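In what follows, subunit A forms one complex with subunit B and a second complex with subunit C.
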Partner chain A sequence: MFLDMNDRPCSRSLKAAISGAKRWLAALVLSLASLHAQAELMITISEGVESAIPVAVVPFKETGVMPEGERFSDIVRSDLTMSGEFSTLSPAKMLSLPSRGDDVYYRDWRLLGQRYLVIGEVTRVGDRLNTRFEVFDVASQERILGETAGAPVSSARSLAHYISDKVYEAITGVPGAFSTRLAYVTLQSDNGQPLYKLQVSDVDGKRARVRLESREPILSPAWSPDGRKLAYVSFETGKPVVYIHELASGQRTAIADFPGLNSAPAWSPDGRSLLLTLSKDGNAEIYKMDIASRSLTRLTTHWSIDTEGSWGADGRGVFFTSDRSGGPQIYYMEREGTEPRRITFGSRYNARPRPSDDGAYVYYVHQREGAFHIARTNLESGEETVLTRTLLDESPSVSPNGRMLIYATKQNGRSVLTVITSEGGSSYTLPASEGDVREPAWSPIVR
Partner chain B sequence: MRKILMASVALSLCGSALAQSATPAYQDSRSQAQQNAGASQANAELFYMLEQLQREVRQLRGELEEQRNQLDRLSQQSRSRYIDLDQRILGLNEKISEPGPGEAAAAASDVDVPAASRPEPRDYRAPSAEEQQAYQQIQSLIREQKDYDAAIGKLYDFIGQYPEGDLTVNAYYWLGEVYLVKPQLEQAKQAFTIVASRFADHRKAPDAAYKLGITLDKMGDAEEARQQMDAVIRSYPESGAAELARKFLATE
Partner chain C sequence: MSISMKTKAFAMVVSLGLVAGCSSTGDTTEGGDAYGSDVSAVDQAGGTVYGGGDDSGISGGGLTEAEREQARIAAEQAAEAAQRAITTFYFDFDTSEIKPAARDVLIAHAKFLQANPGQQVRLEGHADERGTKEYNLALGERRASAVQRFLVVNGANRNQIQTVSYGEEKPAVMGSGDGTWAQNRRVELIFK
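Then we have the complex of A and B:
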């Protein structure tokens, strides 16, 4: 079945997306309906979370000419909302708009049922924006954060996301992930021909930039731990080849171009090696490639299909998908060369494992009653939780702080990206303004 | 998968065809063709058998993995049921052994037992109503409010106010537990040591001795922890604590 890769996959791929049994492979034989896609993703918040913490982000006092586009504090507000952990108060409902701690009347905010209050100001000095922001706990009437920061005017959005990160951390105690980025693949039809684009954007879908365009599929983007490189599979030469793409310079290197299948790249936590699925020895197996020397170590030896390797948090164990027990299931190899242990037992189909950075969970695609969901298993207790209610879910990717999860699903016949909290609370959808978007990958936090 | 196998079968067929071509020239081409057909028939059968075997092995492996998983889950469940039951029985025992309030406050007759290798049970002063109430308050501080710092203060007060009673030993034990959670391991070690050595005949002693082992282990002293666990098993072989200690040693 993997030798299907030698065929041109685009034309026959739609069938694969429909058939459940072939779906696992459809991840390799990417199937996208031919529709127009534009660079920018639009956010639609579909559902709030009941346990969301009420936060008021007061419009920042602005001095000087602000860059065009959204207001500074609006970006912070929408960041906090999309995390799914906060419900934010509309400025129209605010009784006062303080920008300094002295002007805060706690009873106003208590009356409005707010738990936390974010205020601040932003001042333009030449080509720079300087900001001062504070967070207050309304109940205890205490200031829990006060900070100043600055950035060039051209990086206004980065500065706003930085504030969101700090506010998020002050309230939850966990670092925010709003300054991180998303990589994904869009497909549009260009004169009747499919056109694939590998894009990188902010987590809110803004500032998207096309990094690669191809008439042939692009698959499985994976971030290097330093956030500077992407590894992915591209069919541009007519067969799957794994490339490493340096984002700053645009320099690309074909790192795996063996006969047969080259797929599913995953970086080791130290960034020195890649896990790859190769069929050069006749059957799909997982290999580790040392990037500097390009030397390969074969990790799996089984006549069934082993693929989608992903390093565990400790950088030694490897999660992967194997059909050695009849259907795809997640296995974990604790050390190189040890006997893999099966992790998933909830149904006949569990694939594409993505362990969380803290090593507590593994997220994966889970089939139940004919539908595909994202589920996670607690690695200590073995308990499985189905997280999504949508029906054709694929490609889970966990945010680096472990609090959010992005995955691809179908909405009105189109592929969209959906972000939920890692507990399963529904949050927001990122459809391409036209066309399909799939294969999301959440970048690490880069300081 | 199937295609790969097909390919490899096709390859081996080519191989055998090449081998065939090396046969003597006097053999006529017709018999060679027959032979080829026979070989390919055999190969196809082999291929079919192999595929069937692989399917069956997969299925068996799946069943085996699932049954092993089920077995693991069941034994884990029964273990936690046992612990739950054990705790409830312990609770009942405590209730039975504690006489009604006010009734037995005078019955305190502390017999000094010299520390022996095998502890002799002695009678502990039963708690007064007031004492019991204070103890309950501390329990709720620990279990419900999880206010450990306040609990530590109250426990010390309790020990000072009601020395050498039945619940005093419990208070020392809980002091250890709270310090272990904090974690302030040096203090936890002291508290557990007091229960395990000074009150070695008390019903809390086996648990305290086991927790002392856990504390030592957390302090990074694996060797001492192991010795402590051995001591638990030797001193209280029938207890739940000994069971836990055995498990600890088994997973070490």
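Then we have the complex of A and C:
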């Protein structure tokens, strides 16, 4: 779909690029959700960005009739801001609006304290949009990225997110995750009855689509590694049953409907099997199901609760929650059948592990002094860091590039989604236009 | 509904002349308002009924042995019916231990199930909103299973009982705070 050309983005260490500048964006509200799409989430940048990299995204030169809605470069700008790693310059403050490299006066951007400059143009040809974009390092006066790409007009947002990904990668050396999607569950009151909706949207909450509606709870959506399917738990039959839902066709399969609990689905990195929590043999235990044959292998055997299994980065080890020590803690089973090793010791309640793709960290829900936060443990050093300051946090999900973390928390009595950097910095909030939003799951990067 | 059943049961006991100076039924009805305390309130009231039946009430003269026995059984049944009006049982945070105060009521339910083999009951286990959804799902199930085991040990048949856990998905009371959370950590018995 995209035409990639020109130079490879040059990698730079983000750490080296972080300036000392402290910039606080006070409660900046980016009204990205349109009034018509009631299912969409609204973005609120709820916390300032410290030590963010200043980037200027110049409004792209537009030729031909553009699709209605947001301007192309506005999407790129808001993507970069959302990452928590950049502060973007308002176009109103720009001294010049170049769209080609020849027109760039570095002095203008130095005066404005910018480290990077993004320029480009977008041209409509029939039903397609073609774009050319460039990234410059203001200090070294070098062009670090120049690319062209194109997409059907109907995919304008996808094209903008693609540009954001490339710009992000050019500056940080890490692939961007703006083209990924979020799955989540909304809950609203409909004629006094609860109405649950499983939805999938862009990472900024836009283009939300309802995939399943139910009067009974829906929880634990989990993406297949190819990004084509979701596994989740639905109570639509009066009990928890795990379904696999193919997004393109809408086809659903009840994959686990045993007596008792059927819950906590997690895909293996190869997409062939699911971890599941089943209680058919007496109490909550973790099983591995081969999806094609539906054969089960039991991984845990303990009278305590074992649940919330999640595969480690190597695709062999399994993280899970167990209260075998008296309260829920995170354990790691290196291979099937080996004795689980306890990972968390910092407090009495640690649950729902989500390892990062690079295998360096495991993120989880952590209770401290009566409040529930998201924390992570460095798997090499064992060091634990509490990442959030909100109080009723749950359902952490790491972005596939490992740089951001989304979780659910309470704000004014309503459940909202919050995104922070994986180090715990910055944040933006995605409240539902109505009711609660919960159970976020960040999709993989699909190439 | 539970209040009227309790009141009716007590009225029966009183009208049979079995309870001398029965403690006020207000304990029972008021107890329903306060979370957690309704179980113990009924236990106290029930205790009064049992005490009355076994001791002071029955010692009244003029009844034959058979009449007395009949009345004693009726009183017991009425007391158990009163107890069975309680169908929600509460738990402490992250535990699935049945509170001592709930035991007599659950025994009454178990006896009722034993006496009515065709009766089915669904046990719905719940947790408060704190902690993780999937762990709470397992915790709700463990609570329901604990109640199921207790009922079976006390005479109910396993086949009469279905369990399901909703975890934190279906709070009895919306909102946050210790009082709210206490009301949401529960197992509900639903007779069909």
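Annotations for the structure displayed:
Here is the rule we use: the second predicted complex is superposed on the first by the 409 of 447 C-alpha atoms of A that agree within 3 Å, B and C clash if a C-alpha of one lies under 4 Å from a C-alpha of the other, contacts with A are read in each partner's own complex, and residues count from 1 in each chain.
Just so we're on the same page, a residue touches a chain if its C-beta (ideal position, glycine included) is under 8 Å from a C-beta of that chain, and two chains touch if they have at least 3 such contacts.
Because the structure is a prediction, the values reported are computed rather than measured.
Using the contact criterion defined above for the overlaid structures, shared-chain residue A:W109 touches neither subunit B nor subunit C, since it reaches no partner. Judged by the touch definition given at the top, the superposed model places A:F86 against neither subunit B nor subunit C.
Applying the stated contact rule after C-alpha superposition, one finds that A:Q367 touches subunit C and leaves subunit B untouched. The wider contact with subunit A, measured as residues touched, comes from C rather than the other of subunit B and subunit C. Of the two partner chains, subunit B and subunit C are each touched by A:N283. In the superposition on chain A, A:G382 makes contact with subunit B only, while subunit C stays out of contact range.
Of the two partner chains placed by superposition, A:F133 touches none, neither subunit B nor subunit C.
Of the two partner chains placed around the shared chain by superposition, subunit B and subunit C are both touched by A:I305.
In the superposition on chain A, contact of A:F178 is made with neither subunit B nor subunit C. Within subunit A, the residues touched by subunit B in the first complex and by subunit C in the second are 279, 283, 305, 323, 327.
Within the complex formed with subunit A, the residues of subunit C that make contact are 94, 129-135, 137-139, 141-142, 145, 163-167, 169-170, 175-176. Interface residues of subunit A, counted against subunit B in their complex, comprise 1-4, 279, 282-283, 303-305, 323-327, 329, 342, 345, 382. If you check the complex, the residues on subunit A that touch subunit C are 217, 219-220, 233, 235, 238-240, 260-261, 263-264, 277, 279, 283-284, 305, 307-308, 321, 323, 327-328, 349, 351-352, 365, 367, 372, 392, 394-395, 410, 413, 439. Considering their complex, residues 1-4, 7-8, 54, 58-59, 61-62, 65-66, 69, 72-73 of subunit B touch subunit A.
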